[in-house]
Amino acid sequence: MQEVVRKLPTSTMTLQMGPSHPASHGTSKFTVELDGETILAIDIEFGYLHRGFEKMCENVTWTQVVPYTDRLNYVSPLINNVGFYMAVEKIAEVKVPERALYIRTIISEMSRICDHLTCVAATAMELGGLSIFFYMIKARDRIWDLIEDITGARLTVSYVRIGGVMNDLPLDFAEKWKPVRSLVLAMLHDVDVMLTKNRIFIDRMRNTGIINGETAMAYGLTGPMLRGSGVKFDIRKASPYLVYDRVEFDVPVGAKGDNFDRYVVRMQEIKYAVSIIDQCLAQIPDGPFITDDPRLALPDKGSVYGSIEGTVDHFMHIMFGIQVPKGEAYSYVEGGNGELGFYVVSDGKGKPYRVRVRPPCFANLSALPTMITGALLADLVPTFDSINMIGGEIDR
Amino acid sequence: MTLAEVIIRLVMVALAIGLLMSIAPLLTWGERKWSALAQDRVGPNRAAIELAGKSITLNGLLYPLADGLKMIFKEDFMPTRGEKFLHFVSPWLAVFPALAVVAVIPLGARVNLFGHEIPMQVADLDAGILYLFAFASLSVYGSTLAGWASNNKYGLLGSLRTSSMLISYEVAMGLTLVGLMMTVGSLRLSDIVEYQQGTMLGFLPRWGIFMQPFGALLFFVSAFAETKRAPFDLPEAESELVAGYFIEYSGMKFGMFYLGEFVEVVTGACLFAVLFFGGWQLPWASSEAYYNPLVVGIGGFISTAYLVFFVITLLGLPLRDPRIQFAIAAGGFLGGAGLALLSGAEGLLGPKGGVLGLILSNGPELAKLLMSLMVFTMKILILCWFHILLRWTYPRFRYDQVMKLGWKMLLPAALVNLVVTGIVLLIIR
Amino acid sequence: MAESKKEIKTYISDASDDMTWHERLYVPALAKGFGVFAKHFFRNLLGDKEEGDTGTIQYPEQKIAYSERWRGAHRLTKRPDGSTKCVACMMCSTACPAQCIHIIAKEVDDPNVEKAPEVFVIDELRCIFCGMCVEACPKDAIRMDTGIHVPAMYSREEAVWDLDKLISNKGVRGNV
Amino acid sequence: MSVKALEKVAKKFASEVIDKHSNAGDDTLIVKRAKIKEILKFCRDDKELKFEFCMDVCGMDYLGYPNQDRFEVVYHLYSVTHNHRLRIRARVPENDPVIDTSVDIWPGTNWFEREVWDMYGVKFKGHPDLRRILMYEEFQGHPLRKDYPVNKRQPLIGPQN
């Protein structure tokens, strides 16, 4: 008998996921080429949330940029605030009071907790573990309550000012932090029991979305993604800003660079962030929370209402804005997803000449095709989640 | 077949379908409420009916009603280039087999009432388990065809996943039950239940789960997979395939898939109760114990108290309130006492005439019937609760992992179970 | 780099290499996870609903108390005689990043008052609630302590709040 | 350490350097565009520099600044090994806004360069996939150029005017 080999005529399938798809987080579109369920190629399209952040910043005063930065990474707006003003302070060579540095550290770490909680919660939810999402979001909400206490808003905080912050910490902040702290830690324990040893979860996360340290660096990955790949780089350690050199914490590092490592790194970082806040609250000195330089900060309300100098300072400040000297600076903070860089150029005219933001998840997402090609369609979900793309930040 | 027999059969059909159709919508409520409790939420509690100026919410119990109404009046969307006939027919294919399974399940003890032998099941087939498998495999068609007929890539992927997953798990499910069949020596479900009376090894109830613990676990996993609920919900995988095979369904057609899923949960619980939890049997007791007023009293107390407790949690009443605790105890006491009285009254009072006499003379049988029905319902409810809570605990598998679990873990394990059972039986007999 | 390679390596992950045997069995870890989940269930079922774990606010019947600094809709504070404290200095509209405040000044006969607003409108749809107007005010005339959200409206015009509306808003902590 | 990096690159490519400074603690090197690829490659490969990261690539528009080319492409480099940073600014003239791509040095610059093209219209020679990234394909012009009006409307989005 003659052997007849017949090949079925097969073709690949192009599947469009998004921009309105549960896994696309609302603002990105994947065009996936599938062979069965194996991803052969992926094209990522975003920009649906683009609102011209950089263009807008060039047309407002230095102070008025803050509300725009709130809307970059909307899960951790306070880190954006801090990052932007650190760049401005770098050009203007402003000395920030001690207390303000501590406050900035505390709020940065609170934001980091929120960011990581959201990321892990979303991962768990999109893998089907909806309950973990609720536990984590509940804890995040408690932190947002605290942020509301400090800043006056939950999300659009606009809290940081040049040379300090807008308000002092509330008097009872340390009291209110205690129950939140224990809630976060209890929740972490629960989630740990439900996920970390759970084979279903391990199977989904281990060995999916692998990226090794070298490739990760070449792609410019930072933050938990880079640390998951085993590169011990954390700006808080590498070039300590604020008061990170005065608190003790460790930088968790993964081994394989897969989704599970990133999950573990994030969970660890939440614990360290909690401990950093504790240490800051123990160390925080009394004192002013904003610089008293009248060219940079508004005078306090008492002197505005009471004295003619105060009133004049106030008028000058509002009418002419902050005068940032000519120059350029690139400042970098450790955002929730990695290095959040602000490259600010001033021409000395009262408005930023250029505000460039380096969104961490922009670089992180650009590595997705290398991480996901050849894997199964279902792997796209945890991988994309562990990248933690935030629409407001990547699209600006 | 006499007229009486026909009537009995019809009543049984009504009872079986009624049981399913009352528990299944309740479960849609229970799913939301129980998952809410475990997730530190309150759950839906806003659907209300305005009655005499007061809005009655019944702790969200009206949601199944509102859902039903909504689904009936919602637009029935049909994709333009879909396969019209199959698109129409597949929801029925999904619901019907799930409903048909209940026909062979003994809901209560076989009793002899008013001179008629009444089996509490629609059809007591010799090949009951085979019938189950036959209908379970039919249910694959519903979801497979639904995805294919929708002309949607997500639907197609979903239906492919369904067909391969369900068929794989049926193999494992069939094999796990062979061990039980060997132990009992019959495929008839009523025989299996009868077999599970009394004790084994002196201290354990002679239930399937103790005779075949490993088989029970395997069967539970594969039956769970058959319901297509998380962690086995890859066919609908919300975050990847959006809704999978029923992505293009809306209105009552979607409602039927939804209902079908919950009916499957109930039938799954029924099956599990019948095969591994002694069906309507009381633990440790033989089926003759149903004629013992004391046993009936205690059993009645527990099961009535549980049912009252269930209703109270349904209504969202605070269990801390001493009055509520009293109500539960009182309900249980009344139920237990009533049943015990019904069972033992004739023995105490002696034979009586008239209608009372007729009832009293059938008292033990009646008590047995009620009691067994209640015990069975209680078992189903607990199993359903367990099933639903499990669904919300775990993340879902990936497609290849679920197949690996089915073929590389469950199937060999089932074979091992089979061999071990055979050896043990050989030694014992 | 990696992308230039046309050949695609298909891999299916196998996590079993670094799991302990009891992790590999699924059941122990799953049972533990279910235990945590059931713990939450019974704590909420048997616990006190009022101070239970849910922390749900039954809005609109219940409302949470906003923090003292919470920035809500604006109001203009008043002098003892009922007129606004605003002197139409335009500080707030200058500071506003959203350009949602529009003021037209007028002269007033009272020698103690320099100026007063003839028109003072805030477009609450444009407002981003950053609080910069409050910071900018040298007279403590504008505040955001009303504790109200800007409600939903049927037309854009309704969102433009004028002087009367802003004066009539009350502060949460007393109307100064 | 950090000054050394700046000096080393400046010395190696002395003919390419237009200017250099370390204002506000940021080492900055302003270079001509012609040999940008060699410069960046040197930065990555040299043992003492070892810039594994190209943290950021962004455009700049110096419209109206006399005596200099209109555009600039700014690279922010970082080295984990030596924990130092370097900013390299490459001047790109308006009449021929083209510069060599750095995608084959750091694959991560792929999207950053797409963004520079999208926002400033600077082309990258040798870029594998130079499409718009934040704006849509049909968008006219390059929005971050200083001569692109802030309030300009495009036909596909927003109200027409």
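We just call them A, B, C and D in the order they show up, numbering each chain from 1.
The definition used in the following text is that contacts are C-beta pairs under 8 Å (C-beta built on N, C-alpha and C of every residue); 3 or more make two chains touch, one makes a residue touch a chain.
Model, not experiment: these values are computed from the prediction.
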{"item": "Set of chains whose contacts include both chain C and chain B", "value": "A"}
{"item": "Which of A-B and A-C has more C-beta pairs touching across its chains", "value": "A-C"}
{"item": "Gap in Å, rounded to a whole number, between the CA centres of chain D and chain C", "value": "38"}
{"item": "Rounded Å distance between chain A and chain B, as computed from the means of their C-alpha atoms", "value": "47"}
{"item": "Rounded Å distance between chain A and chain C, as computed from the means of their C-alpha atoms", "value": "20"}
{"item": "Length of the line joining the C-alpha centres of chain A and chain D, rounded to whole Å", "value": "24"}
{"item": "Residues of chain D whose C-beta touches two or more other chains", "value": "107"}
{"item": "Touching two or more other chains - residues of chain B", "value": "38-41, 392-394, 400"}
{"item": "Multi-partner residues of chain C (at least 2 other chains)", "value": "1-3, 12, 30, 33, 37, 40, 55"}
{"item": "Touching residues on chain A, where the partner in the complex is chain B", "value": "13, 15, 21-23, 37, 124-131, 134-135, 138, 194-195, 198, 200-201, 203-204, 376-381"}
{"item": "In the complex, chain D residues that touch chain A", "value": "23-26, 28, 52-56, 58, 60-61, 74, 76, 80, 83, 85, 87, 106-112, 115, 119, 132-136, 143-144, 148, 150"}
{"item": "Chain B partner contacts - residues on chain C that touch it in the complex", "value": "12, 27, 30, 33-34, 37-38, 40-41, 44-49, 53-56, 58"}
{"item": "List of chain A residues in touch with chain D within their complex", "value": "46-47, 50, 52, 54-56, 59, 90-91, 93, 215, 217-222, 231, 233, 238-239, 327-330, 332, 339, 341, 343, 345, 354, 356, 358, 362-363, 365-367, 370, 395-396"}
{"item": "Touch list for chain C against partner chain A, complex", "value": "1-3, 8-15, 18-19, 23-26, 28-30, 32-33, 35-37, 40, 55, 66-71, 89, 91, 94-95, 97-98, 128-132, 135-136, 138-140, 144"}
